[in-house]
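Letters are used for the chains, namely A, B, C, D, E, F, G and H, taken in the order the chains are written, and counting of residues starts over at 1 for each.
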Amino acid sequence: ENACIDTHRSVRCGFPEVIYCPGKSTGEIVQIFRKLYETGVNILATRAEEPVYQAVRDSEICPREDLTYDPRGRTITLMQDHYDSLHGDISVVTAGTADVPVGREALATCLAMGQNAELIADVGVAGIHRLLSRLERIRKSNVVIVAAGMEGALASVVAGLVDVPVIGVPTSVGYGSNFGGLSALLTMLNSCANGVSVVNIDNGFSAGYTASLINRNFKRSDE
Amino acid sequence: ENACIDTHRSVRCGFPEVIYCPGKSTGEIVQIFRKLYETGVNILATRAEEPVYQAVRDSEICPREDLTYDPRGRTITLMQDHYDSLHGDISVVTAGTADVPVGREALATCLAMGQNAELIADVGVAGIHRLLSRLERIRKSNVVIVAAGMEGALASVVAGLVDVPVIGVPTSVGYGSNFGGLSALLTMLNSCANGVSVVNIDNGFSAGYTASLINRNFKRSDE
Amino acid sequence: ENACIDTHRSVRCGFPEVIYCPGKSTGEIVQIFRKLYETGVNILATRAEEPVYQAVRDSEICPREDLTYDPRGRTITLMQDHYDSLHGDISVVTAGTADVPVGREALATCLAMGQNAELIADVGVAGIHRLLSRLERIRKSNVVIVAAGMEGALASVVAGLVDVPVIGVPTSVGYGSNFGGLSALLTMLNSCANGVSVVNIDNGFSAGYTASLINRNFKRSDE
Amino acid sequence: ENACIDTHRSVRCGFPEVIYCPGKSTGEIVQIFRKLYETGVNILATRAEEPVYQAVRDSEICPREDLTYDPRGRTITLMQDHYDSLHGDISVVTAGTADVPVGREALATCLAMGQNAELIADVGVAGIHRLLSRLERIRKSNVVIVAAGMEGALASVVAGLVDVPVIGVPTSVGYGSNFGGLSALLTMLNSCANGVSVVNIDNGFSAGYTASLINRNFKRSDE
Amino acid sequence: ENACIDTHRSVRCGFPEVIYCPGKSTGEIVQIFRKLYETGVNILATRAEEPVYQAVRDSEICPREDLTYDPRGRTITLMQDHYDSLHGDISVVTAGTADVPVGREALATCLAMGQNAELIADVGVAGIHRLLSRLERIRKSNVVIVAAGMEGALASVVAGLVDVPVIGVPTSVGYGSNFGGLSALLTMLNSCANGVSVVNIDNGFSAGYTASLINRNFKRSDE
Amino acid sequence: ENACIDTHRSVRCGFPEVIYCPGKSTGEIVQIFRKLYETGVNILATRAEEPVYQAVRDSEICPREDLTYDPRGRTITLMQDHYDSLHGDISVVTAGTADVPVGREALATCLAMGQNAELIADVGVAGIHRLLSRLERIRKSNVVIVAAGMEGALASVVAGLVDVPVIGVPTSVGYGSNFGGLSALLTMLNSCANGVSVVNIDNGFSAGYTASLINRNFKRSDE
Amino acid sequence: ENACIDTHRSVRCGFPEVIYCPGKSTGEIVQIFRKLYETGVNILATRAEEPVYQAVRDSEICPREDLTYDPRGRTITLMQDHYDSLHGDISVVTAGTADVPVGREALATCLAMGQNAELIADVGVAGIHRLLSRLERIRKSNVVIVAAGMEGALASVVAGLVDVPVIGVPTSVGYGSNFGGLSALLTMLNSCANGVSVVNIDNGFSAGYTASLINRNFKRSDE
Amino acid sequence: ENACIDTHRSVRCGFPEVIYCPGKSTGEIVQIFRKLYETGVNILATRAEEPVYQAVRDSEICPREDLTYDPRGRTITLMQDHYDSLHGDISVVTAGTADVPVGREALATCLAMGQNAELIADVGVAGIHRLLSRLERIRKSNVVIVAAGMEGALASVVAGLVDVPVIGVPTSVGYGSNFGGLSALLTMLNSCANGVSVVNIDNGFSAGYTASLINRNFKRSDE
């Protein structure tokens, strides 16, 4: 058997295993979906192309209307459970329009982990008033995810303006010396502003997961 | 004037500016120390070589006995304030003995930010029972910092065993294809276990800072 | 003539030449297959796409039923000989499901070299109990091949738990700062656990070949 | 003869040859200084360590009081001429205190090229109000040089706020994944804000030179 | 809403926002086009494939004959305004024929910014007389853009022959150790000739934008 | 006009301009072919895909039978002239079968430059007797071109056995840590055997060109 | 406590923990030495500079005459035990004289692991007869370690001539595009000859360790 | 014995073994010098620091006055033989003053190989008239060595102007994105002008060796 599902994970780590689709056959994905469904957890499949979604939908594992597919963020979601969450939420901020798919993957992950989250798109530093006009909203969140490509400067700027953790997701948006997201990755790792930690290029899922781990236990000192 | 201190930072970001010593003259460091002292915040100076500490100590800015110097982690600390903290704490775990200086920089940062923290050293994956025997202790923390050099695999293993955020600090311990910490950095960014976010190579300060941002508002759902 | 077959290789090196298909025309592959067949050795063709297999099969070089094709590992095998082997075997361990094709290439190579081998899939460090529950089996082998992508931490963890050589095969599974397998490659080269030696990214063949060189002469000291 | 001075350069390129000291013996530097002095141009020597300055000063090539040495920016200057300049000036902005040496090399170059220039230090994005409070001043300049290390985000932020060319100088300030300035270099090359062009890491001279070429012919449309 | 147009940009930066097409749906591009059209600015869309142009054209936002599409440089242009420009112009020089698309993107940008500009193609250093025979023309310009791939040596050679700023655009033309334009990028950043500043690989747009910022305020001292 | 042919090149450099096809339209290639044909030189077009050859052939620029097309090496050749050549020749040696296309590009270049040359294929170091059995032949040449991918060790081994210049052409044959030919490139640049100089990855043309420059003037001291 | 010795390792892995000296204080090293001495295992300390050896020697942990120090390979050895070994041995082959220190680290490791081993130095491929004249000796070994810098071609050549596993140790000998051993590392990973597995640059210890794991259980089929 | 001298090399390769000093003890160098002296060949030791020269001189191996030491190029030479050379010579051209040491290593190598050679220094492309004024001299040579750092553009420019082979030696002169000579190395490998082959960064020895192999058999067709 090529898959060995970690059904114990939600006990150990707080959230169940998530299905990363690339490199798995559609048949394998459907089978893993079925097994997870039986355990009663929320199911999230990432990097799921449309035909994968259709195969899951047509497999009659679960009522069709319980499945959600986001073609932009390429996620399939099925909610069966809700997890601990205090009242706060997570802001998912993107620098440009092209960073939205990564932002949406993060958003879907937060929701699947039972957290509140909101997407704030296209507020990059080229026109910094766009960020400043949304700042009051962002400051209300317990964690801020910043998805940015090209030079990825937005993460530093946000971290200099908030008092909560910032999770940077460099995206591969750009070309030339962007080197597939390396530029934004190095930017975020070398942030001169404090409180930024970083996940892999284009890894909206990991940002959403870590943000959820933080948010579900977060209690603003002013609360 | 070559320095423009950000005295507003603790209001905006929750913690005051920290003095990064490299590239500053001893005179400049003493002067910044003095200005921060007057604002009544906790002071932390990182990457401070022994002579820098002596200059600060001899400058009579503050009572000598209020200053702490950690030669291994190269930090100078002066506590004047305490910040919001719930009851939890932060584990700072290192893979090997050589990762201890980075771990100590993280530790000093947590303490200066008013958080509880503990160092757990030399529990790398080559002898994994060393980690497993400390796991109960580590699982009690609200955040876990993992400092590891060479291949940095410890971050993934820890993240697979706890239900709180793991902050990975790749260290430059190693040689050859380690490429100054690049090996451990890529390992942590590509972790197959979830909940790992990463800071710059050898940046114990940043790990401690982010962990403090998380910990001071963290409230275990079981509390 | 563009190919100059090294028919002397099994005398010099213990195993015959193997056909690496990329960059060769189908006609050339069939011709080399025929020449090797005449020398009576076991034949292995790697990175063989389906049409290449069909061309070999339809060429009537040999009885069709003697040919085996593995579409997942992309190998064609034809057994004519068996080589020296003591009683032990080789474990081929993969970290995830997506590493299985590389694992299967290694497996097919071991078998073609006349060795016993078994595939143990999807036991990566994110859920380390999956590895621990298979450990007794793995420890019985004379050599362990570990195929892992993303951060490739599994090789270090296995090497810390067994007393035989571990051959690490980094795979290109992953994205972003994985850089086509570089991440796992550096991990394995910098293993803090001892006894790991490494082959090229995705090179299941080389891992299987070296494991076979070791296994065929291996005699457990407790035997 | 190991040096072949390009005395024709100020005719062809607008400014005379400048002495880059590394890799030249003190004797050679003194000799080139002498030859340039005879042609009556302004002389600038960059990356000049203190002993080089002393050797030039003691060589009695010119009246000692005509020589200026800046130990922070490591430049020796001797003014004999002034070049065309309209009334505008150049702002040299640095992100941190440690970027000041590079900023001062740029400043000295502008002055030696006969331009007006001013240094504005330590206004990085971690505390963005520091930049905003200097913005009116910066907007009066015809060109803005931004010297920044770590992640170098300041160049993008400035370029989004001014209507003149921004010349980015990445500095090697930082460590770890900064990779000797690579991080800031990629940031500036991938700026999402427009109007940024980039020179080599730590190359304050080149930034100052290009800024001078622009400034001496610049005429604000509102003048 | 995934796009947040920076309508204030021409006031702040001198030129309006430009539409970078990759990563935006055709619908989004048409919508942004419409909004920009209403503000009365010149519109430039870069990296626009033919179907994008057709969609804009068929959307009846504006009279068809006002739209220009350059399939080689992949730009859509719509002129509604003209910006400040003194009498000078910009030379866009390419090293080879294959660098022409990048040169044309630069050219279209200059024109959309209201500047005069001319393309001078295929004058690389392998046959340097081709450059020398065009030198008199090039020297009349206020800024020179040099687009060159392979080793990109042309930027240095031009900068040694003119007294105005040179903006280097490395192109990705070449193969092997060209590494997608890295070779020409490093060449231009390390130019031994002065006055070269550099933009991202293949970024004709950025070169044209910066050149326009310079040219519109440039006044030759001999005028 | 996008192309500016360097008709003076054969006078200056000994051989005429060669047509590098990528990035040029078929129409442009035909036109350049025509112009070169009129000057009476030998014409070589490299990296020419089949349709480009057909377009040239059908353009009736020259008698069809004068054109030669090599689909493996992707070269079009038309001989009108012969250049100075003493009696010696050039060996083009390839390490594997997959390196043959690069070898054939080198071969075609030598022939177009009027030199004698011979291809010796698949004699890599894995079976070194294959090289040794051809050594007498190779030693008769005035220059040896070695095209090798994977680790490219053949260049060093050959250079240790001959007393003439060896020109190494690293090829991109391989995968994983081969990094598109980087592995073989670094090998050849770091050869422990002397007399190896190197051209770009896959650049059979450049190897053939340089070999021709050497061979046409070479006179063995024993002649 | 900063060190947590893995006393269980020889049971689990077959050989005890080895002391890697860099990053440990002399005091710590002495203490670890003492603890290991008490367990009765063979002790090996690698990368041990002379003063470290002297401190161990003067600490009177053990009889001085039981300690061996190799200043070239920088190893301290103390033998208390012998491990299982069949009759075969290990050849440690170096390409040049400068690779000898790495070869000696490998040698000392083999001996400390209770194996027979022999050093064969300076037989690189530039003069391949040097290798061929030692080949009969090398072929008698059960494993061959090849330490080579510059281009590292020796590993491929040896692997093409023997029928046992070859462990490649790239060394950092060389300069320029050697990039600290990267050149030889890539060479060995991409070996066209089979049976080569690779350890980290300059890691003679790891090569010796893996070779020992193989040798102690190796039984030539012809025995 | 750590050294195994290849006394057969001059027969096989045309020139004897050369002593590369780094990584060898002074004693070993003296000993190799003595052995080579006895065979009657010309001796060249490269990268020889002053104390190495003194040790050789004081060892009384040979008459002191027969030894030559060049401290700039760090070579020790002892001439005992002369090799075949036709009447032509080699030009060694450097771009800047700082490239002279590499140029001198090349020069010394040519002379030790019995060839005529001349150094032409500081004629880089920033002031191209300096090259053009020496062109007639350079064109008389049979081979041209170009040593250049920073962006290394000189190699392409020279190759476009001569009809003999150009050997490019990238130097490590520069800083920042020069990356230790990588910039000039890539430039020369990607030369748009033909006839350039390349050796390792700073490897004046290899350039001189290859140039000598070419020159000693070169016979200009016009002779």
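Please note the rule applied: contacts are C-beta pairs under 8 Å (C-beta built on N, C-alpha and C of every residue); 3 or more make two chains touch, one makes a residue touch a chain.
The shown structure was predicted, so the numbers you read here are calculated from the model rather than taken from an experiment.
Comparing contact pairs by residue number, the interface of D-H is reproduced by B-D among B-D, F-H or C-G, since over half of the pairs coincide.
Distance between Cα centroids is largest for the pairing of subunit C with D. Averaged C-alpha coordinates put the centre of subunit A at 43 Å from the centre of subunit D. Here the CA centre of subunit G is 36 Å from the CA centre of subunit H. Across the assembly, subunit F contributes 12, 96, 126-127, 159-161, 176-178, 182, 185, 189-191, 193-194, 200 as residues in contact with two or more other chains. Contacts between chains, counted with the stated touch criterion, involve the pairs A-B, A-C, A-D, A-E, B-C, B-D, B-G, C-F, C-G, D-E, D-H, E-F, E-H, F-G, F-H, G-H. Residues of subunit G that touch subunit B in their complex: 1-4, 6, 8-9, 12, 17, 20, 22-24, 28, 170, 172, 180-182, 185, 200-203.
Partner subunit D is touched in their complex by these residues of subunit A: 95-96, 124-128, 150-153, 156-157, 159-161, 174, 176-179, 182-184, 186-194. Across the complex, subunit F meets subunit H through its residues 12-15, 18, 84, 86, 142, 159-165, 167, 185, 189-191, 193-200, 206-207, 209-210, 213-214, 216-221.
Subunit H meets subunit D in the complex at residues 96-98, 100, 121-123, 126-127, 129-130, 173, 175-178.
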